[in-house]
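Pasting a structure below so you can have a look.
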Amino acid sequence: MDVLYFAWVRERIGIPREQVETEAATVAELVAELSAREDRYAAAFADLSALRVALDQDLMDFDASLAGVREVAFFPPMTGG
Amino acid sequence: MDVLYFAWVRERIGIPREQVETEAATVAELVAELSAREDRYAAAFADLSALRVALDQDLMDFDASLAGVREVAFFPPMTGG
Amino acid sequence: MKIAVQQAPFDFGAEAEAFSAGATGAGAVVTFTGVVRDAEEGSLSAMEIEHYPGMTERALTKITEEAMRRWSLADALVIHRYGRMETGDQIMMVATASRHRKDAFEAAEYLMDYLKSRAPFWKKEFLKNGNSDWVEAKDADEDALTRW
Amino acid sequence: MKIAVQQAPFDFGAEAEAFSAGATGAGAVVTFTGVVRDAEEGSLSAMEIEHYPGMTERALTKITEEAMRRWSLADALVIHRYGRMETGDQIMMVATASRHRKDAFEAAEYLMDYLKSRAPFWKKEFLKNGNSDWVEAKDADEDALTRW
């Protein structure tokens, strides 16, 4: 599964994307798995209310299922326009 | 006093402006005076709800006073934009 | 603040660009443009707009000054043509600039609502079949003012 | 309908003019333009906009298609830049064309409200003192969506 990071999430984790092998069933489980891995992940995911997640380029909730998902992206609330 | 007519009011009365000597105290009195003068005025002023009036270039009501007014204009509701 | 009442066509793109470039520090620029549209499928030959010289400028200035008072605007612009026009010709434009998009949008809508019902312009449509008619004011346009 | 996500500057005036000219029979054209404005009095050095290639186009297309469904629009346009920009540079624009000014205004506001909170762009401000900060999303922007 491709995991992408944008804006300050990308800066805090230090990479724009990576390949992750995971058995996580939901986004929340994936977040817990990554946060347990290294401090920089734990720091980036510390406050989920300040984060958004997209599954295959559609905005979803953190309890959404990862079944069949190929691309997960984490980022802060958008500030375009 | 200068009296101006615009749009179909102008077409119905047949002139864009004229000088009127009047003792009318209000717009309504002036309208009555003009309407009594000739059919074309009576026809133009038949339905006051379809008309607007400006005194010295400010929109006013038909019961407004003519005291000190130099320019009266009659026209249909505006359709700009 | 700029108010222009003119017979000549204006260059919408150039006016919009110049307005945006001049509104330094604004962040949000809204424009509205009114275009002569066909009465019914291909039936319109031309449109003629009559106005009340003097009162027109006075009314547009009052409306625009009121918009500048009500909203936090860096600048505002109104251009309105009169005389003969054809389908597709630009009749008028307004533009507003503000730090906040909500102010820019609301002020532009306010300008349009008041301009429609309070600025002394009258449209006459000339049809290809030789008929001509003064455009009638819509109740909806007068009702729109109750919003403000 | 046109959606463009690009690094290069766009010509607001030319785009607005072309959009207006192309929207035959529409009558009412509304544009919104976002311009890089200074953070505080002269303190901004540059702004950088990051986006999510692929998802950006997808999100903008969805938002614009929804606007075309909800309002009676002849046409709609969204252009949004990414990359480095300076004070006064145009970041993005939307344009809507309709027979009715109310539809054109509402659809443009809808496009802006959704684009702000649902299209994956992130702004970073670089200050002259060497600091840089990601622009924070405003609660008001999220709240704006409840209107629709």
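Chains here go by letter, A, B, C and D, matching the order in which they are written, and residues are numbered from 1 within each.
Throughout what follows, a residue touches a chain if its C-beta (ideal position, glycine included) is under 8 Å from a C-beta of that chain, and two chains touch if they have at least 3 such contacts.
Note that this is a predicted model, so its numbers are computed, not measured.
K.L.:
Fewest touch steps from chain A to chain C?
P.N.:
Minimal hop count between chain A and chain C: 2.
K.L.:
Check every other chain and keep only those touching both chain A and chain D; list them.
P.N.:
Touching chain A and chain D alike: no chains returned.
K.L.:
Could you put a whole-Å number on the gap between the CA centroids of chain B and chain C?
P.N.:
26
K.L.:
Chain B to chain D: how many Å between their CA centres?
P.N.:
Whole-Å distance between the two chain centres: 48.
K.L.:
Could you work out how far the Cα centre of chain A sits from that of chain B, in whole Å?
P.N.:
71
K.L.:
Please set out, as single numbers or ranges, the residues of chain D touching at least two other chains.
P.N.:
34, 101, 112
K.L.:
Give the residues of chain B touching no fewer than two other chains, as numbers and ranges.
P.N.:
Each of 81 in chain B touches at least two other chains.
K.L.:
What residues of chain B sit close enough to touch chain C in their complex?
P.N.:
It comes out as residues 4, 6-8, 10, 54, 57-59, 73, 75-81.
K.L.:
Contact residues on chain C for chain D in the complex?
P.N.:
11-18, 20-21, 23-38, 88, 90, 99, 101-102, 104-105, 108-109, 112, 144
K.L.:
What does chain C use to touch chain B in their complex?
P.N.:
34, 49-52, 54-55, 58-59, 80, 91-92, 112, 115-124, 134-137, 142
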